[in-house]
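Below you'll find the structures, each written out as structure tokens.
Paired with chain B in one complex and with chain C in the other, chain A is shared by the two complexes that follow.
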Partner chain A sequence: MSVAARRPRRAMNSPIAYFFVLPALVIFFVFTIAPTLYTAFISLFNWNPLNISQSKFIGLSNYKNAFAGQANPSFWDTAKTSAYFVVAMVVLGPLLALLIALLLQRGGRLMSAARTATFLPNVTPLVATSLVWMWIFNGQFGLANQVLKVFGIGGPNWLESNTWAMPVVIFVSLWHELGFIAIIILGGLTTMSSELSEAAKVDGCNVFQEFIHITLPQLRPVMFFVVVISTISSLQAFTQFYTMTQGNFGTSTLSYEIYYQAFVVYHTGYAAALAIVLLVITAVLSILQFVLNRTRD
Partner chain B sequence: MSNNTTRRRSVKLLTAVAALGLVGVTAACGSTGSGGSSGGGGTKAGSNGGGKTTITFMEAMSSGALKPAMQAQVAAFEKKNPNIVVNLEPYADYGTLTAKLKAATSAGDPPTLAQVYSSDAAAFASSKVIMPLDSFPNEASTASTFYKGIQNDLKLSDGKTWMWPFAKSTVIMYYNTAMLKSAGQPVPTTWDQFATVAKAVSTKGVTAISIDPGSSSAPAGGTAWFEILCQANGTPAWTADGKPQFDSPAAVKALTYLVDLKKAGALAIGSNYPGQIALGAQKGAFDISSVASYYYNSAAVGKKFVMGTAALPTGPSGPANQLAGGNVVMFAKASKAQQDAAWKFLSFMTTPAQQAAWSTASGYLPVTSQALPLMSSFLKSHPYQKFAAESLEWAQDTPPYASVSETQGDLALGLQAALGNGKDPAAALKTAQANAMKHMNGAQ
Partner chain C sequence: MTGTTLPGSTRRLPGRRATRRPGTSTTGRVVRLVVAALVGLAFIAPLYWVFVTSTLNTSQAYSFSWASLVPHPNFSNYDRAWHMAPWERFFTNTIFIAVCTVVLALLTSLLAGFAFSVMRFRGRGALFGLVLSVMMVPQSVLLIPDYIIAQHLHLLNTYWIQILPFGASVFGIFLVRQFFLNVPKELFEAAELDGCGPLRILFWVGLPMVRPALLVLGLNVLMGSWNAFLWPYVMTSSNAVRPIEVGLSVFSSTNGTDYTGLCASVSFTTIPVLVVFLLLQKQFITGAFSAAGGVRG
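Take a look at the complex of A and B:
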């Protein structure tokens, strides 16, 4: 007992331990911490990326401009667009994935093949599949409208419409992400204790009651994890917007706007300020979710 | 005691490994490696062994006939100049090229030469990372042989020559000859006539013309056509000093013209070269596009019908056209040897013989009329090259100001709002103008 307690303490006191974690720390610092600090530094400047010596210190002006909504689209517009996307992904994603996972829970060869098929979209490169979906939703020549035409419905210009562009991007994002989330939930389902379910059945629980009172509470840690990673990945989503809409027709999210400001119009300082704001939003939302989860516990 | 010994050993071990690591890192930093720069004044390539000078050229000639055409130009130059090596760095499109170029420049590792638009050249010049070309031998005399529109396109607002012509094109009209014939319609020569013909042929699933206005980050051909219409109506989309005038009566008239075509079912908007796709699929009668699209349009059409080409129709203020394609700039960080080698390469590329070879292989226009007699057989099979090249005399590029590319994005959004989402043309252009002025005034 005492030996077991002493070992970790000795390991932590040894300089060799730090030596072993040093490579990981160096990589983390060089590729994550240092760029973040540098981004925060740039956000205080009217930054000229082509000639840094021409950059001027302007304090918090980039942040003031963002919150004053002076850009076009404004920070608040892009934040609303991000919220639209994040809410849709975080609500629909885990919900649909849970349904899929429950369906795939049963064994058998067919289900095994179905699991693979469900996961398959997630291993495809998003940029490539976004291009394919872009053509499927092409207003003039796309498959979607050809199918609708069979039923006598004239489809819209999906990706050139303020009404439809975002729902299409959400649909494609869900198609890509659902498999991954479903597999995580499926993992949670398979590790659950069957004793509670059996006891509930003995006590006369129907399938719905068993799901609500037995399955779902046990799945809470997994669902919490899924919600957190869905929130973070949705806030950072970029590829599908870049490929399918280029931030037009009401799809200019905060992430896309950072790219646009940084790499299209080269307002690097302003883009850095937006990146820091996005970092803070992501951190706050994640912490909030952790706190809420802990409070429930 | 034993603990102390272990700790001392550990510290020694750590120190030794850290020292070794430091030596390794220092050695790595000091080494240029096989792909590093050497003596090139910090640019991507410099003087390599054997007295050869290496220059790097970032460009967007990466697809279709363009890549081999570019490689042939370089091969011909290197044959004539065995002491110079030209390393081509082709990128998929202008957007990618610009992003990569700016990233390389930002990292202090620019190429020797790069293909750019004039608005980007203005940003590079004001950041003092490119150099004017006026001081190079025979610059003025060579430039004087170019078409007037090309000559004007090489200068920035300070009057100095900062760019050299490269892949130049103007916009022409492609059409389905069979479709026009069966509808009993002539090849339109005015924009009013174009509207009449477009409406007449838009039946049985055909939409006469499909355009892509593009996006705020990448305005496309539809926006260029609108800008030409503004010019044809008497007021360009920008003043000569780069101020947007998107809500001028000429601009409102131009957008109303496009919206009317759409309402009549004669115009559709799409993305990814929709005019070319529709023309090839026999779902469109026209494509308004640059001469550089010729090979791509021909491939899309195949043997389905004979594709006609004609000069753009004219407007109330006469003919109007826009220069497309990029110029080349030289980076100031290049060594003197690289600058001289790069200038030799640029001069070589614009000799009449090379221009004839380049135009024949790539489909871009020769920048000097002296090349036309050298490509007579090509002109017989590609008659559009002659009238398109001649339009280089008066065609205009967008004004060379850094703000133009950003305000052009505002314009593209305005066109999308009117053509894609049914907003009133005057209101859409008013919003585009307001947003553009916001960008102009540096509100961000």
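Take a look at the complex of A and C:
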């Protein structure tokens, strides 16, 4: 006992710990925590970005305008556009990525090269690769229409069409994201129990039955997780919209509209209200993801 | 690209039958390999196509022919595009910003991750919860208030506003913490009893243990910095401090009709990213796992 009492002051209990967490906390406070509260504050004003002291407090009017659909473009149009993009990404992304993961899960050099190739677009900068696809979908000279011409089809001017602009942006976003999602699913596949599938084979299951009854149930947590992160990331997508369509032709999503209202037409208060709406949606999804993570471990 | 030679290698496969999983037919395997190769090629084809276009002259680029599917030894587009914008400046800015951000983020994550995992102090849980909550805030929510804050701090149109906000990373703190939690406590206790202070324990005992985490984090921050667009685009206005993707975006909007020049600039701004990716694939994949899995180290 006396030995324990005379033990020197433990380094790991030192208050220096506060100095260790301080730099990160200061950065988070100045650039994330305080600004988030500030956004909520701004959203209650008819904000004058050129002379802040002239801003007028208007309570919840920015939110009311939004939900009454009175702004131009209407909040509900923006919400519909966002929903179009998010639903397409969340349904197609995990589904196609699952197919890719199942296809590429075997060993061998070709398989590993194919995995690398599918993951590669994910690391490329979106400005550059959006330009790549704009060239391919160029109405006059683009590869897409040149190929269609071979089959006697006159392709549209893809990115300047209300019908086709959004599908093209979705296509490009899928190309950029699929490899990432497939890698996560592949991770899930490698941790699966092989005993169960052996047992299924012994019981005479065919490949399809094995997939439905053995693989899929085990993959469910991973798939759920992938759906949540796809939802969050597609809600925040901006660069491909800015580069390919500038929010025109029915592609003005919530994230694009925040930028447009705040930095193009200077409706800062209204943009802040939209930002808070986006924050609430994201926070709910993040909490869901966190809870899922907990239950998974 | 290596992908182009891949389909041929399927022919050698029957000879390696013994190493394959029993119960799948040879035809099935070959079909699977061919499909895998085609999927892989489909993902890299757009990038290949832009590279090819960057080596064509204008009339070749505008009229599709089979000859325009292979690169030509013509680098005049690169020469022209390179002289149409201050690319040296953009590259230097990007590298400077990326290196500073990586160093700062590594340092803050190392310190905070160490304190949150190994050290004991009052309020540890609450502060860590605060750090986690930062993760929920999307960048587009922060754009408006951070712009105003940067204006007041005279940080607009500087390197600082492109470095400081990314100098602390929730992902990084989480990753480092997770690594430290897996290190046997006895190691730290031994150093403690030898009379080492926390800083010495961190750098002499801790640092060597978390090197892989730091590499993954460094890469993650580096790529984020290189691919950044919306943030630097809004926060800066002069070429003197703007990074590469913003430069590329402005270049594309002023020279949008010079397709071959545009393809050249897309190529020379994206190739460095691809080289880094191909050299450090393993770390990228680990990064994808830990970024997504949130967090299980």
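Just a few scattered comments:
We take it that the second predicted complex is superposed on the first by the 256 of 297 C-alpha atoms of A that agree within 3 Å, B and C clash if a C-alpha of one lies under 4 Å from a C-alpha of the other, contacts with A are read in each partner's own complex, and residues count from 1 in each chain.
Following the convention adopted for this analysis, a residue touches a chain if its C-beta (ideal position, glycine included) is under 8 Å from a C-beta of that chain, and two chains touch if they have at least 3 such contacts.
From a predicted model like this one, the values you see are computed outputs, not experimental measurements.
One of chain B and chain C touches more residues of chain A, and that partner is C. Contact with both chain B and chain C is seen for A:16 once the two complexes are overlaid on the shared chain.
In the superposition on chain A, contact of A:70 is made with chain B only, not with chain C. Of the two partner chains, chain C is the only one touched by A:278; chain B is not. Touch criterion met: A:141 reaches chain B and chain C at once.
Once chain A of one complex is fitted onto chain A of the other, the partner contacts of A:123 are limited to chain C, with no touch recorded for chain B. Look at A:55: by the touch rule set out above, it reaches neither chain B nor chain C. After overlaying the two complexes on the shared chain, residue contacts for A:30 are found with chain C alone; chain B is out of touch. In the superposition on chain A, A:266 contacts chain B only, with no contact to chain C.
Overlap of the chain B and chain C contact sets on chain A: residues 14-16, 49, 52, 138, 140-141, 263. By the touch rule above, chain C contacts chain A in their complex via residues 2-3, 6, 9-10, 21, 23, 32-33, 35-37, 39-41, 43-44, 46-47, 49-50, 53, 61-62, 64, 107-109, 111-112, 114-116, 118-121, 124, 127, 130-132, 134-149, 164-165, 167-168, 173, 188, 191-193, 195-199, 201-202, 223, 226-227, 229-230, 234, 244-246, 248-249, 252, 259, 262-263, 266, 269-270, 273-274, 277-278, 281, 284-285, 288-289, 292-296. Contact residues on chain A toward chain B in their complex (touch as defined above): 14-16, 19, 48-52, 54, 65, 70-72, 134, 138-141, 157, 159-162, 245-249, 260-261, 263-267, 270. Across the interface of their complex, chain C is touched by residues 8, 10-18, 20-21, 23-25, 27-28, 30-36, 38-39, 42, 49, 52, 100, 103-104, 106, 108-111, 113-129, 131-133, 135-136, 138, 140-141, 143, 146, 175, 178-180, 183-184, 187, 201, 225-226, 229, 232, 235-236, 238-239, 242-243, 255, 258-259, 262-263, 268, 271-272, 275-276, 278-279, 282-283, 286-287, 289-290, 293, 297 of chain A. Taken in their complex, chain B has these residues touching chain A: 6-7, 10-11, 13-14, 17, 99, 102, 105-106, 123-124, 127-129, 207, 210, 215-218, 268-272, 274, 277-278, 281, 283, 405-406, 409-410, 413, 416, 420-421, 435, 438-439, 443-444.
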